[in-house]
């Protein structure tokens, strides 16, 4: 049986194609810096937005029209598995991601929930045997059900902590069984509504205890996927503990967890925290902590997580620049944590939106690689910081100077007359030029 | 004498040029929809950012290195006139804009200030006789000097109101004399710091009285340039009365000024007010009030007016879409109310940044025109709203129905099953495709 | 049968009370400026947040524990009516407000929805006969159901426009029947997601057509409640047409609707639009358009409508200052468009939160009235603008001057040396002092 | 000679005083929890805002009228010293703070700058011998002069790094000589404008090298004041490296600097970073890193550092709550990094604004202490987290459990039915009640 019968396999047709069901720029086999696009970009589909999401918002119920809308409960869950693999394969993406709660209905009781999950995991396992699609990461939903209303591992209720542990334990077992390459922790309720009722110190200590126990259990069962923290500053919680990459770093260092975790950086979470996407990627990269990416975009004029499909070519270019400089994403990938707008309720929109996002990252990757190949920014930066390669600058970097020597140097020069323009405007024009030239070469190819 | 001796005339060299002192996309003579780019875009240089600005910010003094830095007072003012015309002409822009205070030093006494201005206006007039450059608009600076600390036309001090009238009177006379095509009112101090000390009703009434007197005087002296209000929500004032285009419209209608004014829409002011650039342009356009544009861009993560040179091609494309749909800007233009970053302190950066901005708008204009020529959005929109061209929809638009008939219609259909997807993601991908195809055609040309 | 059996009538017990089920400051009978607090404040309970709301958020399902949770469909709707009147009466509030959709389940078909509504309206009507509680306003929910996904009166689908007309027609009939003192229009979906697919001009024209037809119908049936527009800048829609009071004013003037409407000002919507609560109230007030208030508060660090119960005494004080200066709210009231936090899921929290809000406004009213009685701000402002009562200032206000005379005046004084400090810090300290003194007098009374 | 001849010693006169030159709530000798208010609050005046600041903003020159306005250069610098000590003593504050650049004019050459500084430090030293006033902290201004345009310790220019070292070296020597209790690092230019030209890794490494050398030098000369980092997310720089307390913590831990530094938390910087003041204080406190406070407030609707005098009693109450819970500020204090508004240009406003701020913190301290004495929040929190004191919760805290045991516990309970309401609304009403009762008791005392 087919759920998307009117859609054929999505293929690369090139920039001149007018077929809305074709890639114009994403060519899986095309080489970028010795890798295929498929290997470099490692796209993943989010199960929640694409198969569980209904298009509801705080002021409206769901609008999505899906081929399994007539089903409910476990029948619905099973149909979604079938539909999802048809979708992954028609789209040609190598990966997908899910929360336990996405694939199977959560029940009020833990035992029933775990049973539901097992039934669906069996089905997924069957598909994975025959499909080329793989599981990028799974995670445990610990934010939707009322039991999490004050947090999971940071709940003031120890029973909730235990319940959370059982969910993550199961999640790690599923990850092991399905070959997940990572396990993600997004603490949507790990934070506070008001400090008036919150013991922030205890909550953070407990969160660290939870992570240590999780790692111990992963080791015990031989799950060697990468642990990832996904920072977000707020929403739904007023203040979320994993505010941004830097806040996560402070936490991980304090609790001796820095060797266990990397970050899953989300573009929209970055902007909600007051950063650019590339800033968060850079911060993770220079600390050796860039693990994976939730590829989406926010609306800079809206104050919540809009989770739009990524179409801004500046963002995909500068994001891919960091990723390529990082040597790729390792076991991570570009997961479309993105949802079609409530007004884009057709099944076709699911395809259009993924194509839009994949083409946007393909363009970004090509532009970024050309910027790197031509050393446009590297040469500028090398020249800009050249003073640290000789003389007093080199002594600074090598730790061979002190305030006495530096003062003597400063008094010798006595005033600064060798600052250079930062050339921000010219560099931005250069990025535009590279967009243009890359696209022209794409188009003419 | 030359102030920018090392820079030659900036020319269009095409997309393949690597010359930083050349246009890659702005080709003044190139036709877009029956107009030359020069006629369509009507670029203007801002005297204040480019010749008076020093690169200071709230935490630092000026950094700009300019060829007239050794001068001061009226000697400096005169040198700037010479330098500015050399700059306009080397850049090949058809227009410039200034505040009275930019061209001549403001003194504590009005009489002295007016004298200073006269001397410089004489010089500018001489230049205009022989140059192709024209004055897009001038305005009166009523925000820098301490006398304006509580406002100008909305000051609680009637003497200040009178002083402001004298300045605008002079400004209109200058505009008349120099052939300005518009006169701009930006009320940077027309607003309040706290309602605790503010009679908002009186202040707004006074502002309207001021505008009526200004128009009377313009009529009296035969100045027929377009009056323009430039909205801004805040900064320096906590709340500025001309918050955005809609707020301006409410004010103009209330005080019967709507036939006298149009709007000068600034991109960065739009985003500070919570709108996109294109939203403000659209609002002005559908009310027949789009007069001119302050072409720049803000940083969506910063909460102040950064006045960056416009390089975001989405913004220039969607902005030019509105402008072309408006039938152009009439007597208005694209004025670069933009400043080089404090770290871009070289004279060369002044050229680079204007080239960056002009090329960005040239690209935007070409992409927008192709979107229009191909009716990409027009056809989608026509189809989307087709129900208003027949039947009950047509009756609604033609005013031939009422709640009784509408209820009967609604009860007849009883439920809605004919909504169509808004296709936001596909439309965004289409804009990306047009960027790509336009650039490719630019590049291959 | 009682739904809140453990809660007795909430009474005023004064500031020294420790009873959480008592008012400490709201004393309905206490006189403020010749009115009882009850008459001045005209509190209303929102049916939606208090009886229909479930405590869900974008990342979680409902948490609220309510005495009618075991019911569903029309049985639930009926139970809520009973519970609500018990609640209104125990709280002692004089008013309530509802959307049609709050009181009765909306069906896919219009005819079925209208039937549901009729059944419940019958019940409410019965209650109103015997209760002192009255209906402040009702409205039509045109944002929750999928049919409104592209708007109601601004939908691109004319059938949806007709459906909306039928709903508002019914709403006006209900308002007439139940004696509603106002009818509110909040256009949560009247706006756009992207200009790429939007005919903003047509949509606004249609919105105006809709309003004119609504007024015609109200006149026809003799419904004389005040029409109110409730501005909000965004959420759920990316850009909502009724952005703020000023935007609403521009719209109403353009379409000759300004005599038909006033504004329902919401505190949290004000801050989302970049304004203070008191700014929006002031703007409405000086235009004679202050109709009613949605009393709540936002979190200035969160970018969405948090609809918190109002507890900030600065906001209630400055809000009440505008309301008292307005001569009260006329047919409007203070409607708690506020919801308990998701973590405050108990029934008791419904009482605590309303008590918190009512006490906060009671304090605000008392502080504001003392500021007014003592002419603290009035005298300062009168002195500050005194220059407009004589001489050139008076001529300005009376329209007896022009730019010639003003210039002569300015040249005569030649420089300004009579500006006065705005004393912002001292005025803020004075407000603090009034908070202290008022509370002290409350406490000692 | 007197600079503020018309102002007498500011004294505590109590809540009923109408004297604008008197404290109504700040009573230096009054005991709070065994300390005098003077000892607890440790107020400091900022030299820069109060004596060097001129009331300029990005759109206007200075407006401040000061008794030394007729002076310039070193004469001005000397007069400011005299005026400042008269001000400190009339106000009765125990501390002040300065940047080197505030007290003496910075020259283009380092040697000349150091000479200027020495002359003024001599004068200050003389005053300190006879005055009760002490130096809370000093710091080096490394952001105003053009040489810092790309940063100081993070400049791409090694000469600038050396120049910065010389300035901080001098600063530490001054601190030692004048008995400063702390030394502050605010890196206003330590960040980036664009990642396109920035080697963020090298810049952060260099910043750490700089701090290590600073500490070595402090040790060498025996300066034992506390080192403080003052986080700020942005402004003037687009992205500042010390974004917030958590970001600072991550940096300090990475570079093994956590034992050397504490944080100087500024209220307005907190809100610019998306946090409340109390959040930043709490984060510092639970990490043992709360060093000192820059006491001011921002405007939540404005996106820049407004540095307003603190008058919001919620902010001062919740801030003092954290400070008292921290056991006070140790060697830190409450430094008014706050400036009178540009429109409050009189000398009197300097007094009014400090009185406003000191009274606001005095009230906040009293309310906070009563909340603590009555264990209002402590008891609620203790009860809320009680589950961690016994059974499985205790095992979690004591590290005696693992995912196996937790899963067994969770399966045993199988579903959660013991979550408790967070009572946010009731707690907020309680804070209001404490404001009221405290003020009443202040007033009646």
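Note that the chains take the letters A, B, C and D in the order they are written out, and that residue 1 is the start of every chain.
Quick note on the criterion: a contact is a pair of C-beta atoms (placed from the backbone, for glycine too) under 8 Å apart; a residue touches a chain by one contact, two chains touch by 3 or more.
To keep track of the chains, here are their UniProt names: A, B, C, D = Xylose isomerase.
Since the model is a prediction, treat every value here as computed from it, not as a measurement.
S.K.: Matching B-C on over half of contact pairs, by residue number: which of A-C, B-D or A-D?
M.R.: A-D
S.K.: Calculate how many whole Å lie between the centre of chain A (Xylose isomerase) and the centre of chain B (Xylose isomerase), each centre taken as the average of the chain's C-alpha atoms.
M.R.: Using C-alpha averages as centres, the distance is 38 Å.
S.K.: Compute the distance, rounded to whole Å, between the mean C-alpha positions of chain A (Xylose isomerase) and chain D (Xylose isomerase).
M.R.: Chain centres of chain A (Xylose isomerase) and chain D (Xylose isomerase), defined by C-alpha means, are spaced 36 Å apart.
S.K.: Mind pulling the chain C (Xylose isomerase) residues that touch 2 or more other chains?
M.R.: 146, 149-150, 193, 234, 274-276, 301, 341, 343, 345, 419, 422-424, 428, 431
S.K.: Quick one: label the inter-chain contact graph as line, ring, star, complete or other.
M.R.: Contact pattern: complete, every chain touching every other.
S.K.: Can you tell me which positions in chain D (Xylose isomerase) touch chain B (Xylose isomerase) when the two form their complex?
M.R.: So the residues of chain D (Xylose isomerase) touching chain B (Xylose isomerase) come out as 55, 57-63, 143-146, 148-150, 188-189, 193, 234-236, 238, 272, 299, 301-305, 341-343, 345.
S.K.: Over in the complex, which chain D (Xylose isomerase) residues touch chain A (Xylose isomerase)? Could you list them?
M.R.: Residue positions touching the partner: 108-111, 146-147, 149-150, 155-163, 165-166, 168-169, 193-202, 204-206, 209, 213-214, 216-217, 233-234, 239, 243-244, 246-247, 249-251, 253-254, 273-276, 278-279, 282-283, 286-287, 318, 377, 380-381, 384-385, 387-388, 391-393, 396-397, 399, 401-404, 406-407, 409-411, 413-416, 418-420, 422-424, 427-428, 431.
S.K.: Please output the residues of chain A (Xylose isomerase) touching chain B (Xylose isomerase) within their complex, sorted ascending.
M.R.: So the residues of chain A (Xylose isomerase) in touch with chain B (Xylose isomerase) come to 15, 20, 24-25, 271, 274-276, 300-301, 309, 311-314, 340-341, 343-346, 348-349, 352-353, 355-356, 359-360, 363, 419, 421-426, 428-429, 431-433, 435-437, 439-440, 442-444.
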